[in-house]
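My questions all concern the structure below.
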Amino acid sequence: MGDIMLKTENLGISFGGLKAAQNVNITIHNKELYGLIGPNGAGKTTIFNLLTGVYQPTEGKFFLDGEDLTGKTQEAINRKGIARTFQNIRLFNNMTVISNVMVGLHNLPEYKCSPFASMLRLPAHFAAEKKMRDRAKELLDIFGLKEDRNTLACNLPYGKQRKLEIARAMATNPKLLLLDEPAAGMNPHETEELMNTIRFVRDNFDMTILLIEHDMKLVAGICEKVTVLNFGQELAQGNTAEVLSDPRVITAYIGEDE
Amino acid sequence: MITLIDGLSLGSIYALIALGYTMVYGIAKMLNFAHGDVIMVGAYAIVITLSYTASPAVAIIAAVILCTILGVAIEKIAYKPLRGASPLAVLITAIGVSYFLQGIAQLVFGSQPRPVSAVWRQLPKIPLLNDLGITTAAAVTLVCGVIIMVALNLFIKCTKTGRAMLAVSEDRGAAVLMGINVNRIITVTFAIGSALAAFAGMFYLFQIPNAEPTLGAMPGITAFTAAVIGGIGSIPGAMVGGILLGVVEKLCLASPLSSYTVAIKFSLLIVILLVKPTGLLGKITREKV
Amino acid sequence: MKNFKLKHFINYAIVSALLIFGVVMFLTGNLRPSTAQLFAQMGYGIILAVSLNLVVGFLGELSLGHAGFMCVGAYIGGLFAVVLKQSGLDMKLPVLIISMLVGGLFAALFGFIIGLPSLRLKGDYLAIVTLAFGEIVRNIFMNQKVFGGAKGLTTGTLIYDTRKSPTLFIVVFIVAILMLILVQNLVKSKHGRAITAIRDNEIAAKAMGINVTFYKLFVFVVAAFFAGCAGVIYAHTTTPVLYSFFSYNYSIEILVMVVLGGMGSITGSIISAVFITAMNFVLQSQLSGDLASLKNVVYAVILIIVVVFGNAPALKSFRERYNISAFFERFRKQDASKRRDDEAKWARVPSKIKMDALLSTDMAPDSDESIHGDIGADNDKGGNK
Amino acid sequence: MKKILALVLVAVMMLATFASCGESAATNYAANNTEYFIGGTGPLTGDASSYGISVQNGAKLAVEKINANGGLNGVNFKFDIKDDQATADKASSAYDQLFEAGMQISFGSVTSGSCEAFAAKAANDNLFFMTPSASAEICIAESNAFRVCFGDPDQGVLAAEELVANFQNIGAIYDESDTYSSGIFEAFDAKMKELNATYTVKTFNAENKLDFSTQVEALKDCDVIFLPIYYTEAGLIAKVAVAKGCDAVLFGCDGFDGIAGQIDETVTNQIKYITPFDVNSTDANVAEFVAAYETAYGVKPDQFAADGYDVVMAIYEAMKAAGVNDVTIDPDTLCEKVKAAITADSFVFTGVTGTMTWDLSGAATKEPVIIELNK
């Protein structure tokens, strides 16, 4: 396993004439907590969509752990080890909390069992189900959701829904975790808790994490490095503290916020 | 050539029906399965009126009024209580309304096809066109179809109600916040859609001079297909889809493959949708009503 | 876990109860042939409704072409059975079983074909494609001389004589039970979870690495297989197998069963399949002669009333007070909070069928904002919050 | 729990096997009848409903007439028609319902597809039926099945002979989704080949049976268009022909009866058809029927109504000839008696659709007449 977990080379996409992102070069090292910031419409979520195969890049490439994943489907990229959460929560609303996590476990080889084995209730089915349920409980326990496991996902409070999304993404056993505005809509207390959770995930799962966030307190608090995007292009890159004090970045933000 | 003209005139009937589907779909977000049966009622209204008076104008007015009232009544009784419920539940009541109208029509008018009085079919001759083999009915249908489509477009773009309809179709929630009375708009939509159905019934009788209780079913489903081909929710799309289907149907019937007309017609739909998943003109969603 | 199982068994219990009821009547000599035929019709109604529910309720795709699969099964399975009989295999049960497998497999093949567009199309667009498929199938079979052309496929030699040995319904109910076992096992497994995940949020399911292509095709194939089996059974109850029966009207009747019973509720599908079949039967027998034209009106009124009462938002409190599922709840030792969740699950409608989903989005995003908007709007499909 | 279920399943499976071996005796449901029960099915709703309703009206008229005249030896007739929507499965379950309600004798089904299903059931019970209008040969394949209408092939052959003798440029339009229409056409086609005659053919089907402009356009220059179809579509074709300026003779079969109500003075084409029934006939019997029908229903009868009327009258005459005098007679016994009576050489029935006799094949032998519609 190399030291570099994710590397993008001149990654970019254009819709018709509009370049939503161009020449994005990000290098994330193993176990790094990396922030992707920028004003609204800067193309941050587009980068996430490129990295997870929702969109196919029109230029450039990206590598996970040295492997070129450009042009792969969403499913394939997930199986290669990139998992994500969504800006506007996308849980499986009509399923219970534990089922949500078990969907995340679906593809792992240790829980393999063919649909026919399930339909005929062969022993393979029971073995896989039991292992999956146990693993899901473990994960829920870690994220403090064990008590809610039989609740429908849509009935969870907002903060817990965010947590569940992270837990579900973790269930796919990724190498790189992409968090899209995890603190959106949270109060300071919940944000604090979330920062702890993210740190916890990184430390206990040896996870590399890339996150989009508007809450500078959170970014400054946990990210080691950041990239600033503006109009689809990199504006600045480097250690968090340095970048955040960069005048260009401040202009971009304040100019935008007016 | 003649086949093409026949196709165009059949297609413009489909297009008119499809317009009704598309309008209601765009604004009320529901598949009004009973639309074909409103056409049937319109056709009967014309046939019955003409058996008492010889004036086609009176018959048309009667049909339009009756269909409009019927459309609004259906909306109030069967669809309005379900606003906010699953669209599929509404679909089922729409099917129920369709059965109901067919059943009532059979009870009232019997199941024997009622031929429309000869007055209806004695259209003035148009010298040049008729020589070319284009029947007056076909010409009238085509021209009126285009006029109605243009009028509808103008109505939506240039009147307050029309713009409100556009707003409701874009985002019902936001429209409510803007102070638009969504219920009223939906009622208006049904009224217009049903009036269109009356016109469709009228053109239908030009070409197929019989009214029967199940008259609306097959044209209805074909027109719905047409609306989808054109991109459901799009007014020009409905027009294009309808005419395309009409022409294809006629060309198939004239070809040696006539036995497979239905299969070819529907295969065309599948192919078009696979190439353009939102129909021919479905992309310009901003245009939708 | 315990309550899950009880829920399973309610379904088996309903079908078994019908079966046992029928068998007891038969053994005591009280079974009227018409009732035996009604039972058989209920049996394949259940098979059709539950298999369609797999597509509509669990996968969340609207299908209006289910009768098309039944048509394939009825024609191909029926012809196969007739040929089997002619070639000397004169045992009813084996012929039925073999032809059912053949018809089911062919229907499954068609299910695979119709599943392909579902990978590209959504909502109403897919619905109309399935409808088109049903009509195409019908049109093609009508023109094949092998299948009798317009005269239909004569399956007289297969018919179970309901007067001398009214036993077909027993086989049909057993097939229905077997199907229920398979379908419920599928639904209550990791694969079922993957399928419901696709329904609830396709993008998230993809992001979780779920092979959406495989599961969509798989569901269509399984549903088509069972519909094909139902078709073969139909060919064993009715001669001739006539293309006109399998029109979109019949597909819609199956859909009505699913929607009335509640999408995603297998128990509901079973109950409403039985209810609708029985209603048709009663209307046919009671409203004969001059009254027949009232049939459609009565059917329509019942349909509208049931749907409006069952779904109107204004009548919600009324429904909660007189709820059938609340009746069953009493047998399930659950605490109150869980029960509420469960009701929420019943009332909820699969998100993807929200018809406005496609209208509110542009397929080709033209700015970064609309890329956000695109995904966001997709999420609104699940917007029953 | 699972084990119990499995046990139940196995038990039921065994029962099923047992059951399929055993035969329970058919019960005589007619034992409590106080009137002779004539039953049958027809499309009373849906696309084909006009045919079913005509048969129902005609048959009811006949029953009323019989009952008014004192029934059969003082015992009245009871009549019931159930809706089959022209589908086989509904016809088959309607048969059971009727049989259990005590039906002793029947007019089968109105349309061929339904009648095939009906016949399959009736054969098991050996219940006598005579269909008014199901002309497909398979409907009368069994010995208990009879009909009053012409068979499809007969009309096709007759039409081919007639057309080849009188016309040069022959066209044909038929409904390939309809048993009646394609049945006649197949025979017509075969006969035409046999006669070495050429013709042009166009088709339509249930999904597009409303707009005939394409078909008529293609056959515009023919001297005659053969239309083995029903009068509704024929009326539409006639009107399209007028609009298209096509003056071919329209030549139809017995399905043309009723076309008079579908066309008006604008239609100038000559219309001819093979029929045993002429609504304008001066025959006293027919005139009486037409008058009665018009009084009762407000419209002129079509061929279906006439066939429905004749079926009931023929059944009545046959029962009288067979000397049936037990109102609770079971269908099987009744069938044998009526069959014997109706196929006897002495049995000649004169109805509104002509004078006819029957043999064991079940087909009626009667003289076809080609009539011309005078507008």
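Read from first to last, the chains carry the letters A, B, C and D; within each, the first residue is number 1.
Here is the rule we go by: contacts are C-beta pairs under 8 Å (C-beta built on N, C-alpha and C of every residue); 3 or more make two chains touch, one makes a residue touch a chain.
Just so it is clear, the structure is predicted and the values come from calculations on it, not from any experiment.
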(message) Touching both subunit A and subunit C, which chains are there?
(response) none
(message) Strictly by the touch rule at the top, which chains does subunit A share as contacts with subunit D?
(response) C
(request) Please state whether B-C or B-D has more C-beta contact pairs across its interface. (result) B-C
(message) Going by C-alpha centres, which chain would you call the most central?
(response) C
(message) Suppose each chain is reduced to the average of its Cα coordinates; what separation in Å results between subunit B and subunit C?
(response) 30
(message) Centroid from C-alpha atoms only, then distance subunit C to subunit D, rounded to Å. What do you get?
(response) 35
(message) Based only on mean CA positions, could you tell me how far subunit A sits from subunit B in angstrom?
(response) 48
(request) Scan subunit A for residues touching two or more other chains and write them down. (result) none
(request) Name the residues of subunit D that each touch 2 or more other chains. (result) 44-45, 49, 176, 205, 207
(request) Indicate the residues of subunit C shared as contacts by at least two other chains. (result) 135, 139, 142-143, 293, 295-296, 364
(message) Applying that definition of touch, give me each pair of chains that meets it.
(response) A-C, B-C, B-D, C-D
(request) Using the touch definition up top, name the residues of subunit A that touch subunit C in the complex. (result) 15-16, 18, 20, 40-43, 45-46, 49, 52-55, 73-75, 78-79, 83-84, 86-96, 99-100, 102-107, 111, 113, 115, 118-121, 125, 128-129, 132, 150-152, 154-155, 168-169, 171-172, 232
(request) Provide the residue numbers of subunit B that touch subunit D in the complex, in ascending order. (result) 2-3, 6, 10, 102-103, 106, 110-113, 115, 117-118, 121-122, 133, 135, 137, 207-210, 212-215, 218-219, 249-250, 253-254, 258-259, 261-262
(message) With touch defined as at the start, can you tell me which subunit C residues reach subunit B in the complex?
(response) 56, 62, 117, 120-122, 124-125, 128-129, 131-133, 135-136, 138-140, 142-143, 248, 252, 255-256, 259-260, 263, 293-301, 303-304, 307-308, 310-315, 349, 353-356, 358-364
(message) Per the contact definition, I'd like the list of subunit C residues that touch subunit D in the complex.
(response) 5, 9, 12, 16, 19-20, 23, 26-27, 29, 32-34, 37-38, 41, 92-93, 135, 139, 142-143, 149-152, 154, 156, 159, 161-165, 167, 170-171, 173-174, 177, 234, 237-245, 281, 284-285, 287-290, 292-293, 295-296
(request) Provide the residue numbers of subunit B that touch subunit C in the complex, in ascending order. (result) 25-26, 29-31, 78, 81-89, 91-93, 95-100, 102-104, 106-107, 111, 169-172, 221, 224-225, 228, 232-233, 259-263, 266-267, 269-270, 273-274, 277-279, 283, 285-286, 288
